[in-house]
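Chain naming follows the written order as A, B, C, D, E and F, and within any one chain the residues start at number 1.
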Amino acid sequence: MKIRVINPNTTASMTAAIERCARAVAGPGTVVEAVTNTMGPASIESHYDDALAVPGLLAEIVKGEADGVDGYVIACFGDPGLYAARELASGPVLGIAEAAMHTASLLGRGFSIVTTLERTAPHALDLAERYGMSRSCRGVHATDIPVLELDDPKARNVIAEECHAALARDGSDAIVLGCAGMADLCEYLTAETGVPVIDGVAAGTVMVQALVTLGLRKSGRGEFAAPPAKQYSGVLAEFTR
Amino acid sequence: MKIRVINPNTTASMTAAIERCARAVAGPGTVVEAVTNTMGPASIESHYDDALAVPGLLAEIVKGEADGVDGYVIACFGDPGLYAARELASGPVLGIAEAAMHTASLLGRGFSIVTTLERTAPHALDLAERYGMSRSCRGVHATDIPVLELDDPKARNVIAEECHAALARDGSDAIVLGCAGMADLCEYLTAETGVPVIDGVAAGTVMVQALVTLGLRKSGRGEFAAPPAKQYSGVLAEFTR
Amino acid sequence: MKIRVINPNTTASMTAAIERCARAVAGPGTVVEAVTNTMGPASIESHYDDALAVPGLLAEIVKGEADGVDGYVIACFGDPGLYAARELASGPVLGIAEAAMHTASLLGRGFSIVTTLERTAPHALDLAERYGMSRSCRGVHATDIPVLELDDPKARNVIAEECHAALARDGSDAIVLGCAGMADLCEYLTAETGVPVIDGVAAGTVMVQALVTLGLRKSGRGEFAAPPAKQYSGVLAEFTR
Amino acid sequence: MKIRVINPNTTASMTAAIERCARAVAGPGTVVEAVTNTMGPASIESHYDDALAVPGLLAEIVKGEADGVDGYVIACFGDPGLYAARELASGPVLGIAEAAMHTASLLGRGFSIVTTLERTAPHALDLAERYGMSRSCRGVHATDIPVLELDDPKARNVIAEECHAALARDGSDAIVLGCAGMADLCEYLTAETGVPVIDGVAAGTVMVQALVTLGLRKSGRGEFAAPPAKQYSGVLAEFTR
Amino acid sequence: MKIRVINPNTTASMTAAIERCARAVAGPGTVVEAVTNTMGPASIESHYDDALAVPGLLAEIVKGEADGVDGYVIACFGDPGLYAARELASGPVLGIAEAAMHTASLLGRGFSIVTTLERTAPHALDLAERYGMSRSCRGVHATDIPVLELDDPKARNVIAEECHAALARDGSDAIVLGCAGMADLCEYLTAETGVPVIDGVAAGTVMVQALVTLGLRKSGRGEFAAPPAKQYSGVLAEFTR
Amino acid sequence: MKIRVINPNTTASMTAAIERCARAVAGPGTVVEAVTNTMGPASIESHYDDALAVPGLLAEIVKGEADGVDGYVIACFGDPGLYAARELASGPVLGIAEAAMHTASLLGRGFSIVTTLERTAPHALDLAERYGMSRSCRGVHATDIPVLELDDPKARNVIAEECHAALARDGSDAIVLGCAGMADLCEYLTAETGVPVIDGVAAGTVMVQALVTLGLRKSGRGEFAAPPAKQYSGVLAEFTR
């Protein structure tokens, strides 16, 4: 089984960390590869960044289909381009927010999301609503650490404190990490907080693996069928199917 | 006052029709210009099309800001790139689905959307949910006429029949046209059905005009503030701010 | 185009201020007149006041229809008698809470309402629910200033402080003024807070104007059709159609 | 214990029937009196009728308070003036839609409302939403029999057929009668359908009696406290407290 | 009329107090008997306790049916086994959370629940959701007093303080007591807080009495019809119908 | 890794089929054992059956904990005793309705549940609501085949027809099987319908495996912590912890 984890931003060091976390949980027969988007912003911290990251991300899905990939994880907590990717892929595609929120909802009553910039919080709540997780998601808490500064040694203390504060304020019983760049803090924060801490990269990997094992693919009936052929103009035309 | 109506697809004939409809309702002191996206699909009928249309659409917002535009209408019923556009613009930005749904909700109890392809219906329902219009929106009805065949003379009969059927089935009291390409059918369908028929292009134009008159701009506090500067790679880099 | 703004309470000085605010935003060809209710309470601060104000308000709609009025604004934040007025009128009728909430939802993610007495807050939340604005409306904040004391010079400081507090507490990005009597504070509070501040009197005026421009009237199909003829008894009988 | 059932329309024969139904279920120590509104429409079939009925209804509450009434039932399925009445009364006040819907929700999973004119259906759904009964209320079905023709011998067959159709279509397991004028059909329809049929007049009477027995009155904290004193103008002024 | 109040835990002293409270509000012709579960935990403070209490509770319903009981109250705020009991009984069955929440919603805008252990709060919120009371229920507040220590003289002060705090924090206007063991504190807390305080044991008793008076029984159509006959194995087999 | 699949009814042949389906999807290092409840009904088709099955099911969890089981699947579509089981277990516990609904929501926009008896449908909808799947779950369709007759050769045709009908009526794009007894029809129905068909037994097995792989256990903070010690009386006392 071949799972591809796509980092929608263009920062290769982040892709490497993501790949490590994904491989650590994959089963013996599963090949996990992480790829970096070649077109777009260095990190995704606005709707604008999200929009500009998507075409490159979709080009990776097209490539993946040619490579016989069985399932995909989109490794950015905004789940950019998820529905478009689902149209292009034949196997399952999960976003890490989607995977993490569903996972958290199976373990307790309510989770808190701890994330990077305040301005991304409303989008996380929109995703919770989209996935039916509005009641489970009790709060989104920003640390105001930019994505590319998450590996600063001081960052993990700030994040741990925000986790503690979030659990108390929200009366929640699990933590969802609100950025792919936090994936390697999962173990540390689990020890710190004593509650389940969910990293969407790992969760997405095992869930895609589970879906492929079940022989399940995205539904091809209706909305997520392959998109109709179209004439494309301009600089992106060469990247289209 | 300068209002720019952006056609997110690359079909110039559709832009011309849109411009006519928008100009027909603008006030005396308002200059309305419609522009065609230069990058993307000829029509938008999938999440994939939507994703590939957005970068070009955003480039038009950047250009509009340089031109001193006061407000924008995004003239595709999927409201592509709305939030990203709102980050880039200083004045108000409305999508035509947003404008049409709010307008319909001011006139009666429930509206039916009549649209093009079945596969776009779930996205229309998502937008209704996003805008708080889930209770007002009683149904989305596809005619299965592709966007670029809407000006076929037979299309308008099919659409009129679907309007009648929708009103009866949904118990609704207004019709929302589910595609910018239907804008010039508005008068005909109003006469046919006897209920308010709302075209989002016209509705978006007068509502943006109303917001500019009130001196209101998108809120710059929080989520829709200008996006943080970022390094962009690849072919889209030249189109970024 | 003739727009009539109805002040549902009997305080003429408030009507004068309302008329000023409405005229300031009307287009060149639009005649705006504000009228004072001749029957009911001096201000509306309870469900009881609301109920007793409605018959006189409806009598103004009947009069307006005779005068060829194109659209109406009901200038009290409780939107009293809105549905009954919609039955009587042939053109559009908007309440100022309705107009202000829809407007605010087009500019940002969440608004806070700043209002007069605490006891009116649950009704404002009911209206938010009715209009689909429950997710956008993040809080209703009372200043406990009675309607008829809003022009006390000290009031505007209290209101400005409440606006600041509301933005912080609610994490909102716009302010909706919760009383027609606050209309002329709009400019001051915009300058004070730096976010969009929406006065429903002005918003209602430009939105009714927009609807009339579009040729849209309240839907005559079903619930808002003219009410069936009836025999009326008692002192109100002479005020009925 | 003194319970007053107020018929908000001006048709005395309907009041007599309502009184019979209410008295039939009252306990031994309970005095039930029904009164007819002296001011307003002969029947309530629009928002306009509702609005014009309320001042007279409220005058009855004022009178009831002077008479030492312990609790009130408002015997019209639109629950007109309920919140204003609650402000004026010291004891409990229930609307018959409120009483009937709560009652039905205690007996099964979902009820269907069978009512008079189609145009009143959306208001019934609004009330279901207000009372938290949206999930329980599976449908509102109009017979298009006007209120004052319900005692036509043919009406009961039409209503019985609509009950059968509603149970099948909605998959519901109880019927709520959508008009005070249907109160005396309750027994007949129970026998006809074999499911619980709830008449709000009877339900309201026993529930108000239950609340008074518990020593419970409307909450005087906040919204439903007695309304602030106010100056009233015009013809209604003499009817105010 | 015969009403049976079932205490689902095995503590007979609690049954005695419950019986006193239920009898105090029953009408002259109503015989109220409280019975103690003979199988299960001494108090119910977890989902596990709830699950183990239900078989004994259902055995009491079977016994009640043989005794010709007209209606039942389940006197534990978790409403354990309510739907199963409804299947077995021919008359109405109410849980005390169900009865108390509906009652509170008839008196004001929002109630606060004051209860025992924090771990039971999410279940109370689930019940509010199930009964359509999510908007009315503004908060669940734990005192962390175990059920069997509620009659400690110090408990009532702690509970009174929590009531005051809850009213202020939630902006609510009524209190719902979150445990059958608090039934005899109702009068004291009413005097202390000045708002309606609802004890579900008393509320359930008068509401069941009201339903029986109306001649209403649980709906036998569909879900709550008598359960299909089945072969039962193991130690519980002898307790089945 | 040790996963235990508990059949909450007492029919051993069903347990054998369940075990086959669960083992077919488990990873190489995972030991899956299915066990049969020793106490309760032969099949679960009412709330009453559900209630009587739970104590035996919980006894299996207690046994599983002693045996060092890592995670559990409750193999009945009503998810009986799920929350109580979660209190007792240290690892993850999933119900098959929970697992199947979450899985379906990852593949398309809306699923239809095809199940056994009509009377169980409302409970399935309750579960959808509880898991945040109300928008995804577009309908529950009963075949009226009792659980223990599902292996009748004629049953599979009836079920296949119901699947086709459900997809058309609901506009859904996936099927969820509404009974553990349908697990071995999954392959056949997938071939028949061409859409993803989800069996909760298989889905629950791979999802529990995924959670254990991630090192995640039910949250021990708050509601799902081990239940407080209690004195138990009666025949069930010997089965308690």
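Keep in mind that, in the parts below, a residue touches a chain if its C-beta (ideal position, glycine included) is under 8 Å from a C-beta of that chain, and two chains touch if they have at least 3 such contacts.
Just so it is clear, the structure is predicted and the values come from calculations on it, not from any experiment.
Set against the C-alpha centre of subunit F, every other chain centre is closer than that of C.
Greatest Cα centroid separation from subunit A: this falls to D.
In summary, the pair subunit D and subunit E forms a contact in which both copies contribute largely the same residue numbers, shared numbers making up over half of all those used. If each chain is reduced to the centroid of its CA atoms, subunit A and subunit E end up 44 Å from each other.
One inter-chain figure worth recording: subunit A and subunit F are separated by 28 Å, centre to centre, where each centre is the mean of the chain's CA atoms.
Multi-chain contact residues, meaning those touching two or more other chains, occur in subunit C at positions 109, 122, 222-223. For subunit C in complex with subunit B, the touching residues are 25, 27-29, 92, 94, 98, 102-103, 105-109, 131-136, 167, 171, 173-174, 190, 194-196, 198, 202-203, 206-207, 209-211, 213-224. Touching subunit D in their complex are the following residues of subunit C: 10, 38-43, 45-52, 54-56, 58, 81, 83-84, 86-88, 117-119, 121-123, 126, 129-130, 146, 222-223, 225, 227-228, 230-236, 239-240.
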